[in-house]
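See structure below.
As written, the chains take the letters A, B and C, and residue 1 is the first residue of each chain.
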Amino acid sequence: MNQSIIHEAREATPLIHHLTNQVVMNFSANGLLSFGAAPVMAKAEEEAADMAYNADGVLLNIGTLTADDLSSMVRAGVAANEKGIPVVLDPVGVAATPFRKTAVKNILEQVKPTVIKGNAGELAHLVEIPWETKGVESVGDGNADEIAAKVAKMYQTAAVVTGKTDVICIENEILQNHTGHPILGKITGAGCLLGSVLSACLTTNESIGQQAMTAAAFYGLAAEHAAERTDVNGPGTFLPHFIDALSLNPAALERK
Amino acid sequence: MNQSIIHEAREATPLIHHLTNQVVMNFSANGLLSFGAAPVMAKAEEEAADMAYNADGVLLNIGTLTADDLSSMVRAGVAANEKGIPVVLDPVGVAATPFRKTAVKNILEQVKPTVIKGNAGELAHLVEIPWETKGVESVGDGNADEIAAKVAKMYQTAAVVTGKTDVICIENEILQNHTGHPILGKITGAGCLLGSVLSACLTTNESIGQQAMTAAAFYGLAAEHAAERTDVNGPGTFLPHFIDALSLNPAALERK
Amino acid sequence: MNQSIIHEAREATPLIHHLTNQVVMNFSANGLLSFGAAPVMAKAEEEAADMAYNADGVLLNIGTLTADDLSSMVRAGVAANEKGIPVVLDPVGVAATPFRKTAVKNILEQVKPTVIKGNAGELAHLVEIPWETKGVESVGDGNADEIAAKVAKMYQTAAVVTGKTDVICIENEILQNHTGHPILGKITGAGCLLGSVLSACLTTNESIGQQAMTAAAFYGLAAEHAAERTDVNGPGTFLPHFIDALSLNPAALERK
């Protein structure tokens, strides 16, 4: 983890425009506020591009996508590309239905993401590697390195494959992050909020590989820190402490 | 409570497709994850049926219904009926407006629910028993046995009338559950999340009466368990502990 | 703070119809329930007016406004005006995009709010005082007295400008509230939930100035009370205790 990325992101309090799913909006907003950046979540087609122009980064997450949302996402993504600010695409559950497959294809034809971030099953689908999914959840980790590399190459972007080990690929470089905690699998939106923190880190002056590694490492360490508290007895009590941990100094989170 | 239903549901981690209201999406997802099942909440008309075909159960909750949502609910419900997976209908606030009345009528003409679940006022409305409501809340308990029996008969379904005593009717059998805690009335979505847990229990190999009783009994015991903690001082601190309690072994929750 | 307003509101459990943003729906519902009033959040155009007729107050918050939401807000607001129940307008981020500017203008042409409530930047925009905003957040406090006075005069309403000091203006009277805590700036929806509590207080038999002062004072004291707990270490752990504190007796919250 490059701690200066966290400090730099917090100093600038970047505004991240979220076109995200309705399940996680509150959690993502609180998590990103605690981290030290500023969320905004305007979803109307009429203002999606305007809000992207106001912002420092854009996050597109298709978890509860509708046809109207798709149109807003494309507008926000195109505006972000024009302005030259980072765009993170989180193709939640893309393999689950034809509607999602077509929607993501549609986005990728019009918007160039800085990072495509998802679990192994989601990103495998984008590069036509066979994969088993269950609803919007991926089953197993598989060859995440191969998946990340193919996504990075095919879409000329950075790829972040989340899992027990997070795999990041940009150009031909593969990075791996080993922080994290299984309890993240018992709360909704763990991957979604990582997308928000990642978007904030991408607004700093560093390489995308370092930014993605730092976001993933910091996020996983915050989860470990919260999960280890003696007053955490399950996913419900984990949540408030995890939100708190996202506000901590990265030095306080580093493993001893 | 038939504890084996809880164990069986958790072992299978059933995927429950939620067409539910925007107020409770996060809470329902976290609660169901903690319980040990898997939520998915795709709401677009274009994919509602596809996602239902992927799922093990479908929950329809009209709390913040729009015309678009109604169409998605019908598609998901019809697909679930075709596939032969359980459907729970939660007609939140049905008596409050003509829009809701017509919507629920519309759903019931096209979808056959496995269980219709609601408070006394909501279910009374469905069988034209006069009742006083306030917004989407029911006032008083009334004759829940009679209401449950009429709903079960008229709609050829199981009926769950929630309240201080939960009343379940299937065919001509009436069951009553006495677990629960008044603090559930001070949080939003307590009834909605019961619908999620009930949907998960309905995917097991047991009678619907036993499944509904077990879901209601377990849910109420989890609430009692959380409410009795010394660090719970109100609905805010109750919530994280309630989410935790939903992950516990049913044996740990049984009253001494 | 006029404690009797809190007691009177709780005794009546007023039903507040929320047309509010998707980020805060769960938080606002839980916060208002804890306070002792009843939230309802029906958003379909077809029932917005009917639900307003059922309610004791209406809250319009444009945080994640869509064109459909706008139409529902106007219908609910017009119905509330006809029925003679209070309407609170929270023009979240109004200055951020042309869509929001036009939407709020549209609402204000058709609906007469009892109170317009927002941060200094939002209310400055409504009276064409230049202001710097960042996304939907206001930067700095500026001359809140002047802003509140101009809003009250131009829209013939009460104005509540939230900030470190909350400024309330009705007719020519200016009131100031000094309770509150900086941690409210680290959670999403702090201003939105104040709108809910304010709506509940406006249903009592007191002057609007006293109602608004009481809502703001009580809300800020609840935040102070929660923030001072030894087990609060950040915004995540603050949230459950803040929800709890909203249920307390106002006498228990008054500063010593």
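Rule of thumb we're sticking to: a residue touches a chain if its C-beta (ideal position, glycine included) is under 8 Å from a C-beta of that chain, and two chains touch if they have at least 3 such contacts.
Bear in mind the structure is a predicted one, so any value in this text is a computation, not a measurement.
Common neighbours of chain A and chain B (chains touching each): C. After Cα superposition, the angle needed to carry chain A onto chain C is 120 degrees, rounded to a multiple of 5. We define each chain's centre as the mean of its Cα atoms; on that basis chain B and chain C are separated by 32 Å. Looking at chain B, one finds that residues 22, 25-26, 231, 239-240 touch two or more other chains.
Chain A makes touch with chain C in their complex at residues 13, 15, 17, 22, 25-26, 29-30, 33-34, 38-44, 46-47, 50-51, 54-55, 68, 231, 239-247. Against chain B, the residues of chain A that register as touching in their complex are 21-27, 63-67, 93, 96-100, 134-137, 186-189, 231, 233-237, 239-240.
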